[in-house]
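Letters are used for the chains, namely A, B, C and D, taken in the order the chains are written, and counting of residues starts over at 1 for each.
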């Protein structure tokens, strides 16, 4: 069988434990996994009373993609996050005063530059890595970002 | 299915215990596992997909009862286990040479005596606690059983 | 008696781990009897085997003599170590061991009888010529009133079967006597199943000093004294050895009295004779004898270099003491801080729960006895003591300095502890000067809360 | 220089935890730079903050000078502690610290230059009048052959930029020289990015003895010597202090030579001068100087009572040494066993994985430096050393006995470790007699495997 092994579950628990998540639902083929943190509100978002979404088979809005699993910060409110490829100082624009590379609402392609990370005067441009719409800017301009830290969130198109 | 063994479930329990989660649901093929921390609010049956409906799905053999979460030995291969109500020496028969109280295949009722536990010359009879058919004898005759140790397995009728 | 090969530990927490430590060093196997709440405890992980005695409440697990005996026999143990508290001074357990061919790692049933009932112990002390606080038994309010006339107020009511401050009441005025007597009686009955109490003169300025006794039944020696005057509600908080600022005469008087008492009752095993010391008058009074290993034994181990648990096991095996009084030499000064899972900011409410971080690195002169690990669960059913920090230094000042460093460096997170209280004590001038009495900590707490 | 308030630790494992320990005692904050594989490590949990430098491979995380500097600046640190290994002796890091107004907790860039290149260090030693093993640089096989004619076989090829046994080759016969030279060159190039090698006479019977130097740049003192002769493939396995059975004259000669060398190069910080000692001839030769804290520093701390990391920080802050040579007094004997996650039964194959149990209780005279906790993951990317057990006793025999107890009592389960090897060494007569040379451990291993 192709489902999760015990050590997978172990890893998932650890990961979730260290994240800001309150809840995880995972469906893989015939496997379904749900986790909810102590004190977290009961799972209302997906298919409950006020949700206008079609309660069909969940389109897995809250399920992180495999790539996000190993990132230090995983998706929390839908969409995918673009992680910092290296540690350094994050800049949203090419130079002070210039327009930011991206704003919330912008459409990006895989190759769109979304920011710059400076390490010892070396500038490294960061690309979106996927096409979609920018829904949130997560990292602060001019601040240190760790390797793997979420920079922006994209709703994939 | 070949998936989880009892010790896997034990491990998962321990893991969950050490985490901040109150609840775990796992379905793998024909196996469904639900765990809820004692004192955790019962899940509001919201999600259409995974809510366990007892009448709809009569046989959920691998799902331990909530109480089983804190019990030392949980269900593993179908059926329910009868735990030792106290530590002592377990006897399958009323006296040496006598017929055992129960054998595999026997039908028992809630009040059927399934064995005796001796503590300091005091004999304590152990009842099945539920009606069903004995599928396995787990504890050895004349040996120490711990508090909560599984004595026999019963397929509930 | 034959060498012990497998010990059943009828206890929990840090003392279970402490016993396992010495057993491992001696190559002795261990079986730990645990309650349901302690299945995953460090002791259960470290013991050769753990068996579940029963549900979490002590009365249904740790306090069941029959279950403990059954578990020890069923797991092939040849001895039982009772630790402290729980069944450690329970004569029925010691007797059941004898009838079941198990070695009880503790004193004889007769010893337990001689000191278990505090009135009996008082009588023995009197016969042995050891000074006693004026007082006696009181079955009725009338008895108590008569006694009060002889002895004078303030008085202290104590449980005959007691220990650990339970059933203890201070009475300052005659009009309160009857009510407090009732209260103490019912507390004692609840705590020990024995409602008998006795009364003593309450010595208002006193220090709690106790002497470590080691005896194989023939040779009785001492391993110096400990000062446990820093107490809150009769619970020891900080202990140290040696007791600061005793005159050589007073110290020798205490040591001699303790040995005399132990000899008088034919004591065999480790034990501790507790005294109330009136430093100004250079006088002391017998309080009681604890017939078990003591929580604060590490400070004695630190200044003597002994392994008291190893000695206790060796005595239980029937071996003659491997050392004489002359072999005991005291070096330096040691202090113990009891870290409790309790919140000083909330009137020391217990704070059970899951420990996030538990880190006790090796610092110079620091010893830590604990069952805490990252992720450990502190169940709400038992004592709130979760770790003992012990520092040893060449001088008392060095031991204090090392304890202050330990409190700064070690981490026990996720629960509230009384570590801030310890930091306050260690930096307080009166404590640093040394020789405070049992009124000290309540006074400090009052000053802090102002 | 101003007092350090927040240290960036550019390291991992037990030494990161060790640095945090002293920082906590001093009230200094710490930021630990971790790789992805070390996110959950004990150091990351204990540091005031942890930041992820990059992926697991060291070349992409721990070895990136620019990233380390950026991370230190971005987290508001005012100093960098490089630990040992990784960037600890990297001149570029020390220089980048200087240009970025960060205090490098280590020697000056000039010091690193003087000892980083082993040929340069040899030259300095010669100029300082410190004895050297006959040898020199060899760029070509012809150079090497000429040198061999002068010096004689066996010879040892060493990497100029090297350390830790990498690029080291023993050559016994002239016909093997060219091939081994090639091998050593490419190993050195792979390990250090610098393929230069040099040759020395291979002293067949020698002990590895090193001297701990402490210097503020003005006052140069030593803190005694350490014997690290118990080695396997040039990796130290057991270390001790003081070195057993040295004559007072030989010991003084070593200590004086080390101080002389450190003074000659104007060394500032902690450092260690390593010597090869020919005990029979009462001679010794300079090997190299390690310009950093050493793995085995705890044995020196045990016999001196010093906190070397605290001294290192204080020197980096620009404070004059708070002690003179006369203040250093050596007491007792200390031994360190390096516990590695490796399997002696499988030719010491590394055994990374998840630790089930990690329990190192406080035993008398035992210190444990470790980043292991129950459930800790040992990643496969780094050094296999997972804990250092250090015991201190009044005598060498007592230190050995205490180490044997520690090996029996402590638990590190779930992975294979070299603990059985340590037990074998400690019970071996030759080791117990003391003063074994660097051939000892290979010989013992051969005897065991027979």
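By definition in this document, contacts are C-beta pairs under 8 Å (C-beta built on N, C-alpha and C of every residue); 3 or more make two chains touch, one makes a residue touch a chain.
Predicted, not measured: the structure shown is a model, and the values here were computed from it.
Number of steps on the shortest path from chain A to chain C, with steps defined by chain touch: 2.
With centres defined by CA atoms alone, the chain at the far end from chain A is C. Pairwise, the chains sharing the most contacting C-beta pairs are A-B. Chain geometry summary: the mean Cα position of chain B and that of chain D are 55 Å apart. If you average the Cα atoms of chain C and of chain D, the two centres end up 45 Å apart.
For this pair, chain B with chain C, the centres built from the Cα atoms lie 41 Å apart.
Shared interface positions of chain D, defined as residues touching 2 or more other chains, are absent.
The residues of chain C lying in touch with chain B in their complex are 36, 39-40, 51-55, 61, 65-67, 69-71, 74-75, 96, 354, 375, 377. Within the complex formed with chain C, the residues of chain B that make contact are 14, 17-18, 70, 72, 86-89, 118-120, 122, 143-144, 146-149. Considering their complex, residues 17, 21, 24-25, 27, 42, 45-46, 301, 305, 307, 357, 359-364, 366-369, 373-375, 390, 405, 408-409, 411 of chain D touch chain C.
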